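In the two complexes below, chain A is the common chain; its partner is chain B in one and chain C in the other.
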Partner chain A sequence: MGLLYSTLKYLAVTLWSVFVIAPFLWAISTSFKDFQSVTNGATYIPWVDFEPTLEGWRALWKSPAQGGVAIVEPFFNSVFVTAAGSAISIVLGTLAAYALSRFTFKAGPIRNGDITFFFISQRIMPPVVLAIPFFIMLGKFSLLDTLMGLILVYIVLLMPIAVWIMVDFFNKVPREIDETALIDGCNPYQAFYKVVLPNSIPGIVVAGMFCMIFGWTDFFFSFILTFTEVQLLPVAIVALNSSITPWWSLSAAALVSVAPLVFVAFIVERFLSKGNLSGALK
Partner chain B sequence: MNFKHKYMFLLPGLLVLLGILIFPIGFTVRLSLSSWDSFYPGLDFIGIENYIRLFTDDLRFWEAFGRLSMLSLTTVFLQYVIGFSLALMVWKDIVFQRFFRVLFLIPMMTTPVIMTVIWRTVFHESLGPVNDFFNLFGMNPLWLSSEILAKFTVILVEVWQWTPFMFLLLLAGLLSLPKEPYLAASIDGAGPIRTFVYVTFPLMAPISIGAIIIRLIEASKIMDTVYVLTSGGPGTSTETSSFYIFIKGLREFQFGYSAALSLTYLIIMIISFTIIAKILVKLMVRGN
Partner chain C sequence: MAEIELKNIAHSYNPQAADMTYALDPFNMTWVDGGRYAILGPSGCGKTTMLNIMSGIVQPSEGKLLFDGVDVTTLSTSERNIAQVFQFPVIYGTMTVEQNLAFPLVCRNYEKSVIDAKVEEVAKALSLQGLLKKSASRLTADQKQLISLGRGLVRDDVAAVLMDEPLTVIDPDLKFRLRRQLKEINQKYRSTLIYVTHDQNEAMTFAENIIVMDAGKIVQVGTPAELFDRPKTTFVGYFIGAPAMNFFECQAAGGYKLSIGSAVIMTGTDLSKVGSAPFKLGIRSEYIRIVEVKGANTFSAYVQRVEDMGNYKLVTAVFEGHVIKVKVERDIAVPADSVELQLPAENCCVYAADVLVS
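And now, the complex of A and B:
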């Protein structure tokens, strides 16, 4: 029983690992190919199967006119929009979550739980439902195709995540620490800023990571709300996916865009092992 | 602390969110009662005509909805089974534990559309590695352009992308389980299978339900993957609700009609999730 079970377990884990890694390996291999080696059918190992070139990687810096893909600007646009959207969402979301966790709100039939649900329920909204009104609304304010417009949309996308994780987190931070601070003569803002906040760093980090993941990986809104002036990374890369796709530069660009967040997996695992995540994700 | 300070904490976030959302939602409702399209852009009032068309004369929407249900239930079911198995396997007693945990998380950190572009090259029917393998047996399956296989490919890509999320939620749950029930089970001489059936699974039921619901909500929005992988094709065989609404609204610019579609879709979704949540609770916490 024991031996059979372990064998099956390691077999299963290995198989899944191969499945997880496979597309990355294929992309790495493809990124060193040229037109010739791609169109001759599938090849895998550089030097053995095909002669590797750096064309795909060089194309990342060239403008489309020179046959490149120019992902440098979209890359920084993506960084900016994700960072700004996450930062605003975290600040506003943390404040709101603190209020929802510590104070009682009553307005007619509305209670704390209903307000929290209102925040979180924005995740239920299919993006396509908001797409058309956003398209028209941003058009009215001349915010279509601007970074500012995208940040507004990202706040709607990300604040629910921040509130969701932080309400849960604050519920686990003992109330006594705020109360002690208040007795010691702090006003509520000082109590929050000096005492509660330093104790909430793990929660904020987790919330920040999830905002980053969902911001960085979003495609739909930047796809419909920007055209030529502002391009985010996913849109720029998908735009390469036409009938005559340059697989090599496409793969290189894809790897560049995916790489920054892979390190997040390490941080998430750390939190997971320390048990900080189980409270934050529920 | 029952003074006005509490509003200073809550209101900035609440007002910003409401401010950005009120117009779009209100406007969608109004838009759905108009015939706004690219020929006659404007908010005329045509009553519930759009809704009548939707319920009586739009088979494609309902087919897309059926397809969406099939796709999201299948993928989430697979993600749950695989994600739970993986979480159990790396929970304890395994070498390279951290390595596997990190590795299993990585796909959810990647941008779905970008990985889908890569998957497209993997499943390319003449130049991709998958068919390179099948060619050895003289086969050349049409992963993206046959009606049945295209569905399979969409499911496979979704499972690759999102099983990690299920894995993460379930592993976090497993790691937070109390130790006492396991002690009791081992004193009673329960083997691994009995321990799972009588201890782990029931203890994990609330977390499982939460994870499944979260994933179903996300899966019901599926459209990026479909757009890049198959563009809804071949024909309409992988077209989901979101994608169909997207085509009507932002490709054919039938804003009024697609607003009616969106709202109907949203209401169906909310009702379905409520029912599914109730069923899951009944199924999984039975006997406790």
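And now, the complex of A and C:
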């Protein structure tokens, strides 16, 4: 019974692993192919089925005039916009969440829980609802097709995630820890940044990870709100889908776009293993 | 250290509501500098609210709080210079044990040499020396609570150390040792210790004075012996002592006498000025004697059961519908059917409308 269970368990894990890894293997394999290897039937194993080439990868660095696809600038644009948007969202979201967790707000029938829901409700709406208001507002402030405009939009999109995650996190942090810090001699601001904040690193890391994932993978707003001056990575990759699609460069670009998230996931995993969300304090 | 005075202090958690209720009824209280107090009462009686008012976590709805005659009612928690230990361990998980203990001193900008010396002293007193460099989050629950206690004891100049059921998560052996250490610390530094608990044994063994609370009111303040011998209300009689005080519905029978059914009992209380209201006679099971012959203040009761409690026997007897608990020494033989019980007059407490007639 034990052996059967163990066998089935490993079989299921293996199948799931193949299911998850297969697209990556396919992309890695394709990124080393040339036109012939892609178009002349299915090929799988390098040096056996096809002769690998770095042409797909070299094209990423070349400008279109040199026959490349030029994703370096969009890549760094995406890094900058995502990092700035996420960082500002986390800072503002953490402060807002702490206030919502620790103080009572009343406005007619509205209470703290309603305000928290109001934040996250921004994410319930389909993004297209926000496209026209964003377009008009950014246009009025001459921020269309700029990195600054995208950062502002991303803050609006990402802060609700930060607030939502951090409110839940702070609610699990016993109030006694704030009270103890006050008794030990901190003022309320010191209690927050000397005691509560260091203990909230796991929550901040999780919120940051979600912000980065949502920011990095956004295609819709970066497509609607930019034209020629600024291009983000998802838009640049989609732009490769021309009449003759360069699957090799497209695959290489897709792998480049996934790499930062894989890197973030490894870092986050290390942080989370240091202390789980609910038990980090007591 | 400071003398702490609570003047007409009261607190309500719904002060604006039409049906406003007090969590803590208006009261006056003075905590003598260097005293060792316990606040005792059932859950929800207002013990923690009183403690939080003193530390500044809760602002009282009414009244003033004075430290050595200075009004501190509106001062912040840190300005009051109070130490407080909560029921469950509160540690700074990102710091080491040493940093945790030093934190109250660091916040108040003490010199490093003073901090190091105090941390070492407190760590030694609480047997934490070997753990100083360890991360506080990696310790057991009772070790964490020791750190909480240590943070409360590390400052010499605190007005008082407030403890809200601090030994709940501690093992019984260690609990006993810590209570003794807290007493020693109180005697050594003459720091005012105020200890909240719902465990009467803890209160009795720890405190010089006990404040008994019920439903937001202070019911009695006294030494453990006073609370045991002369409970001011029947609530205190029920709440203090195990088993609870015996109470009998009775009638005045002239002068110092009361009648419990057919038995007439002489008490130490002159009842002639109190009127003929229905009384209750209270007596501790420890003071009721089993005698062999009838005499003054005796009556025959039917023995319902005898329980061996290890170091004593607990006899449950019935007299004309009244159930009586009597503690007797283990070696004393208890008759199987009926016993003569004697209620010594000096140990009888008389209550009118549940309040002790003095």
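Keep this in mind: the second predicted complex is superposed on the first by the 255 of 282 C-alpha atoms of A that agree within 3 Å, B and C clash if a C-alpha of one lies under 4 Å from a C-alpha of the other, contacts with A are read in each partner's own complex, and residues count from 1 in each chain.
As a convention for this text, a contact is a pair of C-beta atoms (placed from the backbone, for glycine too) under 8 Å apart; a residue touches a chain by one contact, two chains touch by 3 or more.
Treat the numbers as computed from the prediction; the structure is a model and nothing was measured.
When both complexes are overlaid on chain A, the residue A:126 reaches chain B alone and has no touch with chain C. Of the two partner chains placed by superposition, only chain B is touched by A:115; chain C is not. With both structures placed on the common chain, the touch criterion links A:241 to chain B but leaves chain C unconnected. Look at A:47: by the touch rule set out above, it reaches neither chain B nor chain C. Of the two partner chains, chain C is the only one that A:190 touches; chain B does not reach it. Between chain B and chain C, B contacts the larger number of chain A residues. With both structures placed on the common chain, the touch criterion links A:182 to chain B and to chain C. Overlap of the chain B and chain C interfaces on chain A comprises residues 182, 187, 275, 281-282.
Residues of chain B that touch chain A in their complex: 1-3, 5-10, 12-14, 16-17, 20-21, 23-25, 27-28, 31, 82, 85-86, 89-90, 94, 98, 100-115, 117-122, 126-129, 131-132, 160, 168-169, 171-173, 175-176, 191-192, 207, 210, 217-218, 220-221, 223-224, 228, 241-242, 245-246, 249-250, 255, 258-259, 262-263, 265-266, 269-270, 273. For chain C in complex with chain A, the residues that touch the partner chain are 55-57, 76-78, 82-84, 86, 88-94, 103-104, 107-108, 137, 144, 148, 151. Interface residues of chain A, counted against chain C in their complex, comprise 174, 176-177, 179-187, 190, 195, 198-199, 201, 275, 280-282.
Note for the complex: chain A touches chain B at residues 1, 5, 9-10, 12-13, 16-17, 19-23, 26-27, 30, 38-39, 41-42, 44, 88, 92-93, 95-96, 98-100, 102-105, 115, 119, 122-137, 152-153, 155-156, 159, 163, 182, 187-189, 192, 213, 216-217, 219-220, 224, 233-234, 237-238, 240-241, 245, 247, 250-251, 254, 257-258, 261-262, 264-266, 268-269, 272-273, 275, 277-279, 281-282.
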